[in-house]
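Scroll down for the structure; my scribbles are underneath it.
Just so it is clear, A, B, C and D label the chains in written order, and each chain counts residues from 1 on its own.
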Amino acid sequence: MTGLRGYFPPKTATGDSALAPAPPWYYSGDLLTVEYRTDPERVRELLPPPLELVDDDPGAVALIWADWQSCSTGRQELLDPVRSQYKEAFAVVRCSYRGRVYSRCVFIWVDKDFALARGWHQGYPKKLGSIHQTRPHPYGPAPRVEAGARFGATLAAGDRRLAQTVVTLREPSPTGGTVNAHPMAHHRWLPSVEKGKGLALDELVESGAAAFEAGQPWTGDAELELFDAPTEELARLVVREPIAAYYRQVGVVWDGGRLLESHTSGAE
Amino acid sequence: MTGLRGYFPPKTATGDSALAPAPPWYYSGDLLTVEYRTDPERVRELLPPPLELVDDDPGAVALIWADWQSCSTGRQELLDPVRSQYKEAFAVVRCSYRGRVYSRCVFIWVDKDFALARGWHQGYPKKLGSIHQTRPHPYGPAPRVEAGARFGATLAAGDRRLAQTVVTLREPSPTGGTVNAHPMAHHRWLPSVEKGKGLALDELVESGAAAFEAGQPWTGDAELELFDAPTEELARLVVREPIAAYYRQVGVVWDGGRLLESHTSGAE
Amino acid sequence: MTGLRGYFPPKTATGDSALAPAPPWYYSGDLLTVEYRTDPERVRELLPPPLELVDDDPGAVALIWADWQSCSTGRQELLDPVRSQYKEAFAVVRCSYRGRVYSRCVFIWVDKDFALARGWHQGYPKKLGSIHQTRPHPYGPAPRVEAGARFGATLAAGDRRLAQTVVTLREPSPTGGTVNAHPMAHHRWLPSVEKGKGLALDELVESGAAAFEAGQPWTGDAELELFDAPTEELARLVVREPIAAYYRQVGVVWDGGRLLESHTSGAE
Amino acid sequence: MTGLRGYFPPKTATGDSALAPAPPWYYSGDLLTVEYRTDPERVRELLPPPLELVDDDPGAVALIWADWQSCSTGRQELLDPVRSQYKEAFAVVRCSYRGRVYSRCVFIWVDKDFALARGWHQGYPKKLGSIHQTRPHPYGPAPRVEAGARFGATLAAGDRRLAQTVVTLREPSPTGGTVNAHPMAHHRWLPSVEKGKGLALDELVESGAAAFEAGQPWTGDAELELFDAPTEELARLVVREPIAAYYRQVGVVWDGGRLLESHTSGAE
């Protein structure tokens, strides 16, 4: 019993100050997805037990740029868009847990604090970054969504560029990608405040969309470059072979996940 | 003869470093326009001679938010979108010059340096600001362009909010606004580098779009608030009476203007 | 057992990607502190049981601006200063726990992600903000640390200014303030990922500096203004009466805290 | 005669909105200077006639990071520090004009709009960038100004890192560097608003400090790396041989320059 209100801190008598309101959270956004194969060992080294490498295409990676508007139930954030708009770029791999295939976000950067908080809650290992992606537009020089249309996307953090891609659309596609198409298996980890006491929170959680709608996906080809940085390891997921690229507009609702495992005194 | 290349500084042997390439400049963007009447004296005090107040609706003001992607002829900026995307908010009034009605931007904030440079070249009195506006989206909680849809927009500079609006769309409209519908009459002013020598550049210029395409405008109603700040005077253009609000998607080309008057030794 | 390295996520085979390395964390910084009295009920409403209002000067508040350079043991962050420099502004009150007086941060804004992560770990309810404070300098127009010197400080979040102060130094002081002079009593709260299941983490923790050095504090007088915002409640800590203001340079080490209480199934 | 007030646009009835007030401008700051030799041809290609390469050490370059607080006569900006604090990084070479040696800034990045405007007025080819440099501090892990102290500095623009250095101080020095020690010879260039009409403003100006005070300079050694970017050419000033590095605190006043040459119809 906290005696205070607010889904996240800071908690107050009203709850109005919380970094984000309680779910459900609603999202409108554009996704630019680049799928490729890396060395499967580079995926394996990011999977803590009991998560295991999948048998089928174990080195598959999706690097996804997303341009979002999000809000809570009252939708008031949409009318003060500094509180609803954010961009993110994230790397997703697949893993296996008790025989089931999951997607898992291994790196992610966003550009707003409310997105950081919601992500940490969901087990996304979010950092701040600077993310940009070309937007389609019906007039002027920006691309329409059509064959030959080209979209660029970039990611930087710590004043260093970490990734850049140019995607050229080819044709409509039955899917918007396969690597991020499973429920997410994420860890929620927080160290103990006491030195040497390991983790205070060590949960494996499953989550996915409570509702989902989407436009016609398009597929195409991507040029993708990843760059080294002292405190980033995205570039360890080296590009060995392209799979495909996708553009898609989506509407998503997130409304909580499910606890798979909880350990309360693991070593860090 | 500079012996160097580059439309803007820094000029180099290649010209690649210029803050922006030479026109034509191409733009795709979404405009959210709020038109209202202020005290005509507040408009008059912003018009240097020989510009005069217009007779017809002299206190009309348009406060316009724009969410742009822009590029030069090669369009390469679109694929590195940190170099093409920017947002701006600007206040436009009308004035009369030699019997002809012009639009004139009296205050404007943008969020990228290339937009500052291009604007100063065109006589826009640009500052940096933080600008946000709701984007329409076909899925999820963000609005469609339809009756009852609500769009918010905000402007801040110097860590202070300067303006915010909520626009509710009502119906399609034959126009996207009237205050900013004329050629622009702007000044290009730069002080002499020598103290007390007045202006080194004092030009009155006319400019407008070299090409323009646009979607169906929608009109509606706006709530608008303006806020004081120590080094900003947007709030002096007090809101006396609303006119209308508009949403419109446009494609624009700018390819130079025309010099109307040049004075070379005016007092500051 | 995570099988991965990294004090914070993202955890990897090397641990190099962690949002921040393990403590100890080292800080060099300048503090500008404004102490005042608010309505004690406004303090009480921010204290969850079993924390209680203190008897002595229960409405005392410290609003503190800090300009930091921080690093971990290897100090490599100092040489890539985008990873070490950050600013923050925070409001501190006092509370009583089992008869002992603690300081407690009730609102705080920082401008870097590593500071957010470290703060959440310590129970600081951090958000992102834009924070500025005048720095002393031995040459030119910036103030020296001397009688009559004036320092300004501002805080904004969500493109709205939340607080601003001007502090005028008067004389050296035996202390740098009293409100933030106790060990901190903070909560570490994280909701369950499952809807309606309350908190997954609900800890009351104590923490303080593992080492501390500081220069001569100066005291003086402050003008302080707080501003409303839709998702901020700093202004509820209304300024009823000034206490004093302080300037001080400090070096601090943080190296973990102590768990006071842990509850695992509280309501949100 | 503009009929309006304001040193820079936007000009208004009061002049309060100007992007920066009239000079004199006052600065307090810390300079970190890295001097090295590049291929003299790379310097020559940046010098428009009638500027010529100097005979003595023609390939000398200074890359300077500066952490500033600046203000106008009333000093009010210092108390709202978002309006006074800015950082910059700039590359300086030397040139000869009518037999006299000048310093000349060939590339420069700043992080505030008022600094852009003042710089363009002075002929600095300013762009926006993200600039960081280690600050000395008397407590905690940040360096003191002493032998062996290490300072890092970085520059990024367009989400790409352009330069980084680590400077290790060795001993006090009689100077703070020699490349930037001459009066500045800068061009003020603005294209005509009319296509194909060349430059509307084409001035060669001289300027320097109206007053200068400084602390004891320290010298030392630097590691310096420059990085390519599509619209930046700093890395063309390749590092062939280090000269020296310097740290210094300064106070500066700028109060106008002197027109050396003006051409009104040059080709772009």
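Everything that follows uses one rule, which is that a contact is a pair of C-beta atoms (placed from the backbone, for glycine too) under 8 Å apart; a residue touches a chain by one contact, two chains touch by 3 or more.
This is a predicted model, so every value here is computed, not measured.
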{"item": "Shared chain contacts [chain A and chain B, defined touch]", "value": "C, D"}
{"item": "Farthest chain relative to chain D (centres taken as mean CA coordinates)", "value": "A"}
{"item": "Chain copies touching (chain B, chain D) - same or different residues, decided at half shared", "value": "same"}
{"item": "Euclidean distance of C-alpha centroids - chain B vs chain C, Å", "value": "40"}
{"item": "Separation of mean Cα positions, chain C and chain A [Å, integer]", "value": "29"}
{"item": "Junction residues of chain B - those touching two or more other chains", "value": "80, 82, 130, 132, 154, 159"}
{"item": "Chain B-facing residues of chain A, complex", "value": "26-29, 69-71, 75, 78-82, 84-85, 130, 132-135, 137-143, 150-154, 164, 166, 213-215, 249-253"}
{"item": "Contact footprint of chain C on chain A as seen in their complex", "value": "1-4, 7-14, 16-19, 22-23, 45-49, 76, 80, 82-83, 106-108, 112-113, 116, 120-123, 125, 127-128, 158-159, 187-195, 199-203, 205, 207, 230-233, 236, 255-259, 263, 266-268"}
{"item": "Chain C-touching residues of chain B, taken from the complex the two chains share", "value": "130, 132, 154, 156, 159-161"}
